[in-house]
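Consider the two complexes below, in which chain A is the common component and chain B and chain C are the respective partners.
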Partner chain A sequence: MHIPDGFLSPQTYLPAYAAAGIAWAWAARGLQRTLDEETVPRLAAMTALAYGLGLVMVPIPGGTSGHALGVAMLALLFGVRLSFLAYSLVLLLQSLLFGAGGITALAVNALAMGLAGSVAAVLAFRGLRRLNETAAVAIAAWASVVLPGLLVALALGVQPLIAHKEDGTPLFFPFGLSITLPAVLIPHVFIGAGEAVLTVLVWRFAQARKWCAG
Partner chain B sequence: MKRLVLAVWLLLPLAPALAHEVHLAVEAASAVSVRLTFADGQPFAFEAFEVYAAGADKPSAVSRTDAQGRAVFLPPATGEVRLRAFAADGHGVDLKLNPPRGGEAAVAAATEDRALKIILGVGILLALFGLVQLVLRRKKHA
Partner chain C sequence: MKATHWLFAYLAAVVAVTLLHEPWLLAGFLAAALAASGAARWRILRRAVLAVLTFNLTVSLGYAAVSLWQGRFSAAYLLLVNLRVLLLVYLGFWFVARVNLLEACRFSPSLSFVVTLAAGQIEAFSRALRDFRLAFVSRNAAAPALAARARHAAAQAGHLLDKSVCMAAETALAMRSRGCFDDYTGLPPQHAVPQPVPLWRPHRSGAAPAAYKKP
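This part shows the complex of A and B:
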């Protein structure tokens, strides 16, 4: 799901950097209040796990590969703000060390996976936890993969519309929405199921150690 | 004269057919093969790629990778080429490379020590969070 360099037009990534800058500032505002000596080691461990999970590629039928995100467990354990900041750091490292996701596309990747993924997870969990907590965690994790997938597909699919030559030849990513939406979303429906299983396991581990804020 | 005009009139419809012929010339040439794979080693197979000579606006080659994920193309005589490869799901590359030309030894792909980079990344994360922890402790005991 990591968008590489050269796939997004400046008309996309420059406004995305502006929006991400505001979001990063918002997320960092309450940092001193939310971080304490107990939270930091847990956050470090979960961030490292998310970093590792994002690098484990799993073959998906159809000739492509996918990976878990790990953003749901960050969001459910630490909230949207810390999750967004921690996941942005994960994306930066993955980009710099592995070329997984571009620096120009970092803001779009962070907004889609870090922010929208965290918000989707927290909202789904809050909405469903009264019915069944385990199911709520699983659906939250699934949503944290599928919503970013939708946003990434939209960001890629609009490129031929907003950045093209006079003759209509796309300057950046060449496939339109009719291709990107199924190509990104269908695999991520299945990746989301794997993410759900992983997140439930981590959630139970964290609950047993009373990490969950409730 | 009438026969000549009739003959020309009868042959004229054949002219466009001749113009649509595609001629074939088999030539020996040194191509470059760039192998693209996902991080798990799975080939980036049957995906679209474009090759641009340095500074060119239009691609010199537009094709698809083969079953092994190889992008095979004829490079310009000198200079770098820009290789763009796309999958519909957003995977791909957009990179510049200086491919080996005829007679030159092939440039082996840099063997990335993936495990080392994973450890390095985890190390950076733990160091950053360790720093945050240190600052928090100092503030608490200040």
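This part shows the complex of A and C:
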């Protein structure tokens, strides 16, 4: 669901960078204490997997793309902070090496997919874990796709309102919320189901190798 | 110019591009960037066009359909947005082609650390995936059935994760042996450790050493 480069106005991406800067500083606090020779390999492997998943993308008419995120795996295995940092790095590498996403959209993409996606996954998992762990992982993964999808649709859909010429011609993204919300959200409801299956498989793999307490 | 200076110049250029709303100005900047990027310009341009083609085509066609239906079509907008996206992506690819990303991140040790680790993993993943694909192709004279493909994909995914973890574990142990995970916070400041005086120092003065003469 990357927002590509050039579709967000400076009125959107500059404040988003300020917010993301605060979030990155928060996430990086105590990073040295969290990372050790056991967590680093797992985190690197999961980050590389999320990077690979994010590159298989299908364009969506709403101006973004549909693809699995892998952010739920990161969040469930390593927590919100590390997951946010790792996913931000994935987005940076994808934008610089493949032109997927972009440097202007990096902060919005990172906040939506990396932070909101991780928080949604962790909260859903904690809330539902007692009922059924597999279902909790699946719902957490689904939520980690749908909530960022909603945020991305909102960020794109407000562009014609905040950046346009005097005659109303848009300067950045051309479609309003009435188009972006259904165009982005409906495909991501189904992509979320695929993400749920994938995350459950990786979760079981991680459990088999005793990466997680669960 | 140092890699870090290139990084900040690139970031400034990106912000400047998004503040311009005249297609001819963006076209001029794109032409200037093409002229400045030397022999690699067409390769970078081709990569940039391919990277933006699908998304921009989708958005442009969607915009054309909706705006024509609403009677508000603007060709200038289509030109503006496509030029802006192409220029931004071109600048990004040019930056990566010209500057070593790891060197550019050197101003932040934590950033360099994470980028090194992730870039290494991604390279290892890409290589392993290519090896697997070639091996799978070479072992199937005819096109494999869907079930065989699924089994191959599952085995490949499991192996890749294990391999990746093993490789990253090696890297992490190497980093541990170099003191990367040592936490010095809360410890009293240490006195400088006296360095042993070398018994012999190589001659490093500006003048070239005199040629050896037979006694």
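Assume the second predicted complex is superposed on the first by the 203 of 214 C-alpha atoms of A that agree within 3 Å, B and C clash if a C-alpha of one lies under 4 Å from a C-alpha of the other, contacts with A are read in each partner's own complex, and residues count from 1 in each chain.
Just so it is clear, a residue touches a chain if its C-beta (ideal position, glycine included) is under 8 Å from a C-beta of that chain, and two chains touch if they have at least 3 such contacts.
Not measured: the values here are computed from a predicted model.
Upon superposition of the two complexes on chain A, a steric clash is found between chain B and chain C. Of the two partner chains placed by the overlay, chain B and chain C both lie in contact with A:Pro4.
Of the two partner chains, chain B and chain C are each touched by A:Pro174.
Once the two complexes are laid over each other on the shared chain, residue contacts for A:Phe205 go to chain C alone; chain B is not touched. Legend: residue contacts after superposition of the two complexes on their common chain; A:Leu89 is shown touching both chain B and chain C.
With both structures placed on the common chain, the touch criterion links A:Ala140 to neither chain B nor chain C.
In the superposition on chain A, no contact is made by A:Ala120 with either chain B or chain C. By the touch criterion defined above, A:Leu76 reaches neither chain B nor chain C.
After superposition on the shared chain, chain A has more residues touched by C, the comparison being chain B against chain C. In the superposed model, A:Ala28 lies in contact with chain C only, and not with chain B. Once the two complexes are laid over each other on the shared chain, residue contacts for A:Leu97 go to chain B and to chain C alike.
Overlaid on A, the two complexes show chain B and chain C touching the same residues of chain A, namely 4-7, 35-37, 40-41, 44, 47-48, 51-52, 59, 63, 65, 89-90, 93, 97-98, 100, 173-175, 179.
The part of chain B that touches chain A in the complex is made up of residues 38-40, 42, 45-46, 48, 84, 86-94, 114, 117-118, 120-122, 124-126, 128-130, 132-133, 136-137, 140. Residues 1-7, 35-37, 40-41, 43-44, 47-48, 51-52, 55, 57-59, 63-65, 89-90, 93-94, 97-98, 100, 152-153, 156, 173-175, 179-180, 183-184, 187 of chain A touch chain B in their complex. Per the touch definition, chain C reaches chain A in the complex via residues 11, 14-15, 17-19, 21, 47-48, 51-52, 54-56, 58-59, 62-63, 66-67, 72, 74, 76-77, 80-81, 84-85, 87-89, 92-93, 95-96, 101, 110, 114-115, 117-122, 124-125, 129, 158, 161, 164-169, 171-173, 175-176, 181, 183. Of all residues in chain A, only 4-10, 13-14, 28, 31-33, 35-38, 40-42, 44-45, 47-49, 51-52, 59-61, 63, 65, 85-86, 89-90, 93, 95-100, 102-104, 165, 168-175, 179, 202, 205, 209 touch chain C in the complex they form.
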